[in-house]
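The data blocks that follow each hold one structure.
Here come two complexes built around subunit A, the first alongside subunit B, the second alongside subunit C.
This part shows the complex of A and B:
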């Protein structure tokens, strides 16, 4: 397709941030000065390098077990990136499939899917996620799975309402007359139509997945205690929040900026989609 | 009844001198110059993109962002509307200048009842609250709405489009304005309602001596209603004169082309001479240095390189043209055009599609009161290869339902269909057979095309589901594009990047991809400009010559039906009430519905 999309500053900044975060996650072993698990009991609770008593061996200081905070921050980005992308992808796949089916076929298919969604949404999200983690056992894969199982309903609802609108468009009928099967109508006519919404939803979902992961990590239900995760870092540092604020501030700043970037990505993409769809009709000489 | 109000220049309500509107890149309105006297109707005519609505937006100070008035004056009753303070301008709107917009249902507030909206209006006019309800009823009575008390209590969604338009007219006339601006006020209505609204406007205007600025793309309608006509092309005023002058002897080649592009309702059959090309877009205006019409003009000469000036002719009309003075007009000879598009193949072969006693009913109401309401009853007809049949009737008569049943999108309750001698059922094999033989094109060309697929993909959409080589598909797309007159450069365009005419060509091309025997065209040219409409009509005739396809044309425009179709069927309330040779039916209609349709098409006003 020959459509040039004009992205605004939001999209540029936010996607730049996520690119950087992904690169850090990939090259964490190279960039980190220490192993995130290595305990140095001789240097516990060291302040950040530029404060009195700190040194550049531990740029962001150490925690109560003498682990390098900087290295843990870098390794924690791996969890964030994996959770954000996999959870968004997973809930998008489940939610979009069911939403498209519900919106296009209507009737009992729609009623039953939407009933499941309503019941699902009536259940408190955090409790559901914790129940799942308790049942499945804490690990990165299970955290992603729990977030997907909690959040797919949002995708399903929004995609269904978009599909309902699109399915009424005469071009769907025109495709049927041109010989399209039901599956082909779903894939060729409806899916491309809901794609802009889907992209926006995905970027917002990245933000809420990060929040969900840090909540789970905070209550100790995310990855194991030895693994570095921003949520766990906040939880562990909270007890020393007044005596050693450098334990909580860096992971909090990192988490907030990651969520902000994903929200900005969503807003920016929505603007881009709007300007693309409302672009002026160009006229060319007709023969 | 005539509201005599103090005027600067007596009798002259609106005077526009040298008005120009600029954007950053181009002059989109150029030297508009006219005046409108009290009690007269001035029609502003032009195709889409001519700048008609821009003119009404200048009056209402509602120009879109980036547009500004760069020159000229606009005086209303002696006051220059362009320089007067905003509060003075606001005071005029709704009181002395009233606007009647195109979509009445959207112009009315959906959460307020009609009486509340009247009250708002009267409050603005500064009338005593005690008289409001009586005045509202009087106003509604003056637009011939039955039961004004009931209408006042209703909300806009409970009224039909025509009724909403009458309410707006009533509101406009209730303030006894000096000027009413109608911007395509009747375009969205069906012809019968349109005629009623227009004659109502005419009567009220005559009674009260109001001046009306009637903006429309429909030259016939304007000719019927207006005292004077102003023809706009690409933001320039090309001709301005009395209606009789312009209709009897159009001075500008564009006016002449517009008149020639309309299929006539009477007289001998004659091939239409479409204007080639289309209106230049706003972006391409700066590159048109000379006469803006020259690239499409059949008689353009070297003098057309210079921008022509507006000059008054001997007979009093104003004309902006410097090419050849319409003496050496070069036109395609009508005889050769007639031969090319002649109505051959008038159903000589045996019919391939037979419809017998078709009927369909809709379930209406909820369970205890549920009843069946017949939508179609006893439809019988047949179509032969190459036969063009017109299907006409008032709105709601079941034309579109019949089209959908023929296409197989709805199942009939009774009756049978035979395609090529075999009965058509509702099973999968029948659907495939039907799809190969019958294709449907819809009214609104923009919503029937997937906005995310390119022109070449859409043209060959029915090959999506067949094992076809990519090269073969490309060749098919090229052949189809050539058949429907779409240039190959547009192949990677999306529907939003095409013009209305191009989209309709694409729709027709897509339907022809598998070479169907029958094309059902549901209002295929309504909403297109006349010059584009003429191109599409001639395209259909050329396609019949080449491929021998049959056409079932659903249209409310009897001129179009007469131009294309050898046979016509008139529907009313789900039945075919009259059918036969188009020429015979139109010259000697037997059923009252047919007579009524013909009268509406000829703008014969029935006074209640």
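This part shows the complex of A and C:
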């Protein structure tokens, strides 16, 4: 059955944004005028090019070490893209697996999984992420891991309640009567059923992961100081907010635009999923 | 959500006791989790307290004094036992107990959370009602757009944006510290606003309030946009109900219908949302405090992390979890109280 999904403007714009950001991240070494680590101590704290005192050699000016802000912004997109995709994927895999198990098998499996979720929800996400980074040590891989280990509960809760509803649907009961194994019911019947929700959650999770990475970078618990990261650029720029306000604005705008894109993608996909499923339902009597 | 799982299994009265009964079980598990998580560390707290040229004997003594030589389960038990008495151990960076630092920092955070919550509810409800009242005018579109943008800005970026706009560009409000250092307010409750009222110092109260305005607004912006959304859609549903039609037939004004009739029933989803957002709000204080230089739990946590003060990290994390659990439990109890459907099933 092929269903033509009508994506609205939100999905088009947001996926266009992510495509662009991914390309920037991939080709950052080609696009950037300078190396993000190169320090030009003769030109520190230069303003942006169009302000008096700036020049196009450093389009967005330089920081206190004379590093090109524009190049650092471009290289910072690598962290954002990696974190957004990997963290969303990882927490989706863990959360969906546990959510499906809890919703389908019920009983003690559900109770123990939901108890773990309750324990996890007792922490503010930031605090748990920081604890994990303290335990694991700050690095990009560990930041992704920490975000996955914190945020899987969001998937688990929603997927579980979706599964609880789906498990009583006639088609799932039919599959069980037809003798499908538990695994096959889970993978072939329930997983496709929760897929629309899952995709929406994934795109929203990209936004949450960006926020989490940005917060950890802001307090210096993400990549090292030499690597470019938007959160670290914001933290550094804030220190010079009086004398050099142009340092802090571009990374803020970049971060907010990435979060906005992921929220737009999620909202747009939710609308698309709703219209698709309603169309499918309305078509059924004809068949 | 929590409550629905117990539907039909217990009667109405004891349903309100279940969240309370779960509290200690979850709290103990949380404590164990924090403990185990930080014990995985390759750090040696004893080595951090001793000078680098300490002898092996001194190190063994220190480990015994700190209880590090015992099995991990014994350490865990001792920690939970002491924590339940309010003793969270000795800080490694200060010559002081962890609890005394937490007790100093807690009022600052509570004051911030309280003001942020209040401001967030006011902003969220006001914008939600305003957007619904003007739902056929361009005002709704404008508020929707702002809402979408506000949702995408996390509270710590709000903090920075507010500093840039009101603190640095317009120079209207102070943005660092709790109060102007000129003022000396005797600490009684630790809540600076109350303390300056108790001291009868109007100027200090003004300064403290001005210092609190930006951080509280930043925090409020983490709950106001989702609140507006939920309130809007719940008002929308309420206006479809028959009692609103009858009210209109009776000649009540739109404004009266909205404020006195629909809004009353639209409160429930708002309280439910608060349950979800409680953890977010409490977590949000961490970065907001660090940005605005408020000496609360968040700054204590970040300081403890940078100086690897394990007992302090454990203690503060536990207090954060306790705060979230208490706020969630309060919301659950409030829901049972507010929604008769949850009581008698």
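Brief remarks on what is shown
Everything below uses one rule, namely that the second predicted complex is superposed on the first by the 278 of 287 C-alpha atoms of A that agree within 3 Å, B and C clash if a C-alpha of one lies under 4 Å from a C-alpha of the other, contacts with A are read in each partner's own complex, and residues count from 1 in each chain.
The criterion applied here is as follows: a contact is a pair of C-beta atoms (placed from the backbone, for glycine too) under 8 Å apart; a residue touches a chain by one contact, two chains touch by 3 or more.
None of these values were measured; they are calculated from a predicted model.
Legend: residue contacts after superposition of the two complexes on their common chain; A:127 is shown touching subunit C, with no touch to subunit B. Subunit A has more of its residues touched by C than by the other of subunit B and subunit C. Of the two partner chains placed around the shared chain by superposition, neither subunit B nor subunit C is touched by A:107. Within the superposed three-chain model, A:219 lies in touch with subunit C and out of touch with subunit B [touch as defined at top]. Touch criterion not met for A:52: it reaches neither subunit B nor subunit C. Of the two partner chains, subunit B is the only one touched by A:181; subunit C is not.
Of the two partner chains placed around the shared chain by superposition, subunit C is the only one that A:248 touches, whereas subunit B remains out of contact.
Overlap of the subunit B and subunit C interfaces on subunit A comprises no residues. Within the complex, the subunit B residues that touch subunit A are 49, 276-281, 283-284, 407, 409, 432, 435, 439-440, 442, 444, 447-454, 461-462, 464-466, 485-487, 489-490, 492-494, 496-499, 501-502, 510-511, 513, 532, 535. Across the complex, subunit C meets subunit A through its residues 1, 5, 22, 26-27, 29-30, 33-34, 37-38, 40-41, 148-149, 151-154, 156-157, 160-161, 163-164, 168, 279-280, 282-284, 286-287, 290-291, 301-302, 305-306, 308, 313, 317, 320-321, 324-325, 328. Of all the residues in subunit A, the ones that touch subunit C in their complex are 114-115, 118-119, 121-127, 130-132, 134-135, 157, 207, 211, 214-215, 218-221, 234, 238, 241-242, 245, 248-249, 252, 255-256, 259-260, 263.
Every residue of subunit A that touches subunit B in the complex is listed here, in rising order: 1-3, 169-171, 173-181, 184, 188-189, 192-193, 277, 279, 281-287.
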